[in-house]
Amino acid sequence: MTKNVVIAGFGGQGVMLMGQILALAATEKNLNATWLPSYGPEQRGGTANCTTVISDEEIGSPVVDTPQIAVIMNNPSMEKFEKMVEPKGTVLLNSTLITIEPKRSDVTYLRVPANELAEQSGSQKAANMVMLGVMGWLWKDTFTIEELESAMVHKVGDKRPQLVEINKKAIELGYEFAKNIV
Amino acid sequence: MTKNVVIAGFGGQGVMLMGQILALAATEKNLNATWLPSYGPEQRGGTANCTTVISDEEIGSPVVDTPQIAVIMNNPSMEKFEKMVEPKGTVLLNSTLITIEPKRSDVTYLRVPANELAEQSGSQKAANMVMLGVMGWLWKDTFTIEELESAMVHKVGDKRPQLVEINKKAIELGYEFAKNIV
Amino acid sequence: MNEGALKVVVDEELCKQCELCVSICPVHVLQISSRINSKGFHPVEIFDNDKCISCGYCAMTCPERAIAVYKPEVERA
Amino acid sequence: MNEGALKVVVDEELCKQCELCVSICPVHVLQISSRINSKGFHPVEIFDNDKCISCGYCAMTCPERAIAVYKPEVERA
Amino acid sequence: MSDRILMKGNEAVGEAAVRSGCRLYFGYPITPASEIAEYMAYRLPQVNGTFIQAESELAASNMLYGAAAAGKYAMTASSSPGISLMQEAISYMAGAEVPALIVDAMRGGPGLGDIQAAQSDYFQLTKGGGHGDYHVIVFSPYTIQEVINIMPLAFQTAFRYRNPVVVAVDGLIGQMMEAVEFNYFTDPEEIPLPDWSLSGKFRHGNKKNVNTSLELDPDKLEAINWRLQGKYHEIEEKESRYDYVGVDNPETLVVAYGTVARLTISAVKKVLGEGKSIGLFRPVTLWPFPKAALAQKAKSAKRIVVLEMSAGQLIEDVKLYVYDPTKQYEFHGHPGGTTFTPSEIEQILRG
Amino acid sequence: MSDRILMKGNEAVGEAAVRSGCRLYFGYPITPASEIAEYMAYRLPQVNGTFIQAESELAASNMLYGAAAAGKYAMTASSSPGISLMQEAISYMAGAEVPALIVDAMRGGPGLGDIQAAQSDYFQLTKGGGHGDYHVIVFSPYTIQEVINIMPLAFQTAFRYRNPVVVAVDGLIGQMMEAVEFNYFTDPEEIPLPDWSLSGKFRHGNKKNVNTSLELDPDKLEAINWRLQGKYHEIEEKESRYDYVGVDNPETLVVAYGTVARLTISAVKKVLGEGKSIGLFRPVTLWPFPKAALAQKAKSAKRIVVLEMSAGQLIEDVKLYVYDPTKQYEFHGHPGGTTFTPSEIEQILRG
Amino acid sequence: MKVVYERPKTLEKVVNHYCPGCHHGILHALIAEVLDEMNLADKAVAVAPVGCAVLAYNYLDIDWIEAPHGRAVAIATGIKLAHPDLLVFTYQGDGDAASIGLAETMYGAIRGMNVTTFMYNNAIYGMTGGQMAPTTLIGMKTTTSPYGRDPKREGYPVKMAETIALQGGTAFSARSSLYNPRAITDTKKYIRHAFELQMAKAGYTFLEVVGTCPTNWGMTPVEASEFAKNELAKFYQLGVLKDVEGSEQK
Amino acid sequence: MKVVYERPKTLEKVVNHYCPGCHHGILHALIAEVLDEMNLADKAVAVAPVGCAVLAYNYLDIDWIEAPHGRAVAIATGIKLAHPDLLVFTYQGDGDAASIGLAETMYGAIRGMNVTTFMYNNAIYGMTGGQMAPTTLIGMKTTTSPYGRDPKREGYPVKMAETIALQGGTAFSARSSLYNPRAITDTKKYIRHAFELQMAKAGYTFLEVVGTCPTNWGMTPVEASEFAKNELAKFYQLGVLKDVEGSEQK
């Protein structure tokens, strides 16, 4: 089993954290995991993306050029990453912000109104956690939503305990949303 | 025609200058010339030596390991350079200061009481010029004593005009001395 | 005097919504607009042109030099 | 009191004939000797032991620390 | 829960150093190595160690020089431009036989270049970027776990041979996270202070120790240099390390190190699965280069493919050490901070 | 009286620079290169030039960087440890394509070493002592007259290719005197200011010039690097220089450069006179290395003898460029500031 | 309407890469304004540092060079001596000018080079993500002083304007800030004075500008400006430390 | 007889390589005397510079390291932090400490490192044969200021003791000389004080010692001592510039 995902968006959208939590959840299940960040040439602001690979075998390349899943949080990333997803792969898009029309017919698109759902959870900023919830559903045979939430707590809890509840809510909203549409 | 000489002594004995004047005299006769200094590991004080090669052809190596002539100004240099002179070569030694007995039978030794002759010229310090006069005699088919003196003037005259006369005297004393003993 | 013209003109593409101008304006006539520029920022706008004293502080303070300030010509009495 | 012993003892092999000691001695009892050491220097010597006040200036000033200075013990009166 | 933790490469470098017994870090920030310093600034005070942000890489490398000459496990880390500034100190440390550890997270050059992962400093590290006939030992791990495994070995090797050691990683290894394990923790108190250490005479039998690279007598300096060459020869014999994945007598031999080797491994496995006679030779030490092993593995190969994130440096050594003009050599490079993609490598390997 | 004058090598470097049109010198004293600075301190004010004693080699090389980027013939000189300190600036200048001239009077290393002539920095100069994929052009004259002949060419080549150039001499060439001739004197006013120069917009059509080695986008940096590689390739094609003395198809080919080549020449002539089939191949440019010429000259040779004042650096390139494992390679070296003697060389050549 | 303020001609009309509210942008603009007013843009060459201002060359329409980290004054020296008629200035961070480049900066002052240095003091290494700078205040937490700067461990903040003022070749050394219109006006006045002195060959001119780094200080731009005023400018007192012309000595 | 003066135990009994009359030898001896008196020789590590004192390690019977040119204080920092109980000092020339090593020396002071620096100021580069030093006086001719040091061309002499005194981590900064017994006594007193402060962890201690270079000044040793007194010590005023303990502030 080797799974991978590319997560892309604006610097401030928390895409790096998403990827790290996925990798951490896998690690805590005793799987192998790699997380690889990539920042655009602009130092600050600009776009950023990361790649997470999880596997029960040794992981070869942490660089993935045709990801199984792309989580796309904004328009510029849509232009860059939509085309990279492997045939039959999944494009998970934040439909609150992405206005570009999907172009491919060989991939599955999941439109998630991430910002709206995040607002329901208590903070606009938790859009990434909503998407994480969706990923939790997609990777549900790897870890449970509880395990995903616990990885989130381990990652975020120490530094920002006040966010834990909001994040949990957002993850759950995402998970439920996915369950219903997939 | 290629001639070479190694000149060795204490730092303050003017051995470098001697070698340079010989090279300059040759240059002024439109010959090729190289002068190569070598300082001992001690920065100051200690021994020093130089090698002058003159030739009417292109000069290959400015480094000479078996010199035709060695001009030796003190005991430590005697120990180092006597043995290097080529068979049938000449060892020119400052007999005022050198107390070590010559050891070879395949070279010609010229004992020059350089400091004493220098004193006659007006300065103890002109011992190197006495030796230069002897070299002038040995290399008289290359340049005349006047040409040697003129090279000395070109080298020394600007910076220390007061030494010119003493040096000339010393060169002449050396030249005469050589004429008489060789 | 050209009454209607804005004394403070913001180049909205340059504005980064830092609010330094807003905080420095002595008469508090600047605010963050609801518009959004291509970098995702809400540019600043002047909401009370009349009150503006054309002091230029906002322009001087703006790190993006996104602001131009004009002063109505004084009519000869 | 050991009258005959030298108050100033020079390690002649260390001396470099710089004359700093000679110039600093307040009572002018040091001079360059006619001896020559293995480096070719004429070491300094004291020529008037009696006049020497054992001030130690020469030793303090010597860059080679070639000088040792002694002071006769004062006899109890 | 297991002992495996998810960790950033640069932080793993720091933690591995601490667990190897290193308590002295001197560094100057530079992307993509800064997190090593940041980790140490946070971690060392917890274990009674000392972190110093030096005023420059020159200062950092010379503080390191002093601390290692004092007999302690000490380190610095930087990236390409900063490593260039350390060349004088490195040459001195090699000459004076000082066992310092330097981590180089290589980035794109020349000059200021960019801040992405690269391997364009292979020559600088292996041929001596500084002056004189010297060598530093260069380890080139390809995963974070290997970084962790190599760090204690790197310190020990430095001290065994009294020679500077470089652990060469790159921005990619430094920035990525991976699940890793630490199975060692050395108490620095248990590392004996070498008798050559500058630690005050009272610590070493009241006989003075002098550490210098100066020898004004050229004959003596030549003798010192030949002795050093003898040491380098011994290191070549004993410390050349490599890894190999593939069939026994491959027709195609791929040579790559560090991040590129890692990116290549899956591709090699894939084409192996397709039945291709191929192997990946991965030098783990860049100096000493595992020459003999390479030559041996290359025997059967008709085609030798060298992959580097540079414009072609390792390829020169591969040619020199295989030394067989009848073979076909193929070079593929990415200079400037770009990386190979797995599919690009697959395509190359398929030929 | 002739125009030939007896001159010290280091002073000839200075005079040759002045006569090439150089009016800006930035240097820091170091034996055995100091007389270059001293000569310039005395000479430049006479011709309205500027001599600056920099606070360090770092500063000197960066002043040079600025002055050359301003479009002027400018130079620095140093010796091995000082050149190590310039590696960052050199990498930057290569990356930013700045035509600076650096004279390196190599001395014994590593570290402080000694102050005698050596050739142990061959790798540093030719493989890039700094970081990144770059090359500097390295001239290696073997007599003072050749120093004089090469200096104007060195400046011109730097400007033609917008690339740093090193003139590598050693303590021996620098310290010796020889009868030499100068047959040129270029008025600096006649050297056109390049349109890329940083000289104020008014001097170049009011369009701004920017000089940088930074490119944060790795794809663009890769493209820059491939363009630079193209330039290096052109330089290799056009600027590789060598000299050869000997029979046409020698059985023994000797390879040596700089001072060692000079020491070897008489010995080669001598054994040639004795009827030996021998030749001396002398690279005049160390980078670009005259590879093709060497391979051609080596065709007939059974025995290839490399002589260096180092522990063995040039020998690696010779093997790489001749690339024929059937030949016998022989290396003789003197690392640490000692020189070969003519008779030692004769003995080696006789085999 | 009369123009009170319009974007200076020499300030290129591009969106810069600085974080929102960062004072680097203000300092850039002021320099552009002075260049315009003194009509020097076509005679100016500037040296960009390694630091957040590394891309400064994209923002002023003059000749630029990007220096190795810390070596800006050495580069400026080379350029100035190549073309003594030019206005040459360096734009540097505090880490660039006062840490890795301390010797080069000091020697600008010692040598009395006719170049001008602007040192943006934001008490942090901005570009590399918030490490301690030589100017970081006692107690400040940064990524490399995570327990707060303790002088026993991390040493003391460097006062560059004072140290530079002490050197023989310094014509002008001052410290100013950008936290309000008054401070901005002073800074602009000093920039102009420094350029005038340089063109009059009076010697080295140095202006330390206390700025902000909202991003790495973890503050909003408005908070950061307040911090610059209330904390930084308290420790790093503003004013003229040396002026060969004026009497404004401290 | 009572011993007034005998060669200190820690001063190795070898002929040193310094020129006759060079004050380097006096400074060595004074350090040896203080080490003996304080009983610190077996706890001391010294850093030799590149400069005439490059072989200093042959002269004091303590642990030594030979640093790259200018980097002595950085090396000392590494040693001190490895073994904080040691006495660590650097022995440097003026070129070494104030030119190529200026940043490292300054950062000893800024960081408040508990190490001591002795900077031998002979206004020249002795070892390399008489080039200009940062401390060369205005008007002095050297091989790289052959027309006499002109500040417009060669810059201004650096006053290190003053510059070091200005830095936060400096516990002690002073300037002394060796031209007569009084000056020698003062120097020795300062050496002792610096070592005491270092062992008390008070911070960085710096002593600039105005010395001579008869060889490159082209003077006899006695003339050189006179020059040190009448010229050098006039410009480089002797005394304590900073002392965290005493009140001897200037």
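By letter and in written order, the chains are A, B, C, D, E, F, G and H; residue numbering begins at 1 in each of them.
Throughout what follows, contacts are C-beta pairs under 8 Å (C-beta built on N, C-alpha and C of every residue); 3 or more make two chains touch, one makes a residue touch a chain.
What you see is a predicted model, and the numbers here were worked out from it, not measured in a lab.
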Minimal step count in the chain contact network, chain B to chain F: 1
Inter-chain pair with the most contacting C-beta pairs: E-F
Chain separated most widely from chain F, comparing mean CA positions: C
Computed distance of Cα centres, chain F from chain A, in Å: 55
Between chain G and chain D, distance of the C-alpha-averaged centres to the nearest whole Å: 61
Length of the line joining the C-alpha centres of chain E and chain F, rounded to whole Å: 30
Where chain B and chain D are represented by their mean Cα positions, the distance between them in whole Å: 40
Residue list for chain C, restricted to those that touch at least two other chains: 39
Per-residue overlap in chain G, given as positions that touch at least 2 other chains: 18-19, 54, 66, 68, 100, 102-103, 107, 110-111, 127, 134, 154
Set of chain B residues in contact with two or more other chains: 41-43, 45
Residue ranges of chain H touching chain E (in the complex, touch as defined): 41-45, 47-48, 54-55, 57, 61-68, 71, 74-83, 85-86, 103-104, 107, 110-111
In the complex with chain A, residue positions of chain E that touch it: 1-2, 4-6, 114, 172, 175-179, 262-263, 265-267, 269, 339-344
List of chain E residues in touch with chain G within their complex: 28-31, 34, 37-38, 41-42, 45, 51, 53, 55-57, 81, 111-112
For the chain G and chain E complex, residues of the former touching the latter: 50, 54, 66, 68-70, 99-100, 102, 125, 127-129, 131-132, 134, 143-147, 153-154
Residues of chain D touching chain H in the complex: 2, 5, 7, 11, 13-14, 16-20, 23-24, 39, 41, 54-57, 59-65, 67-73
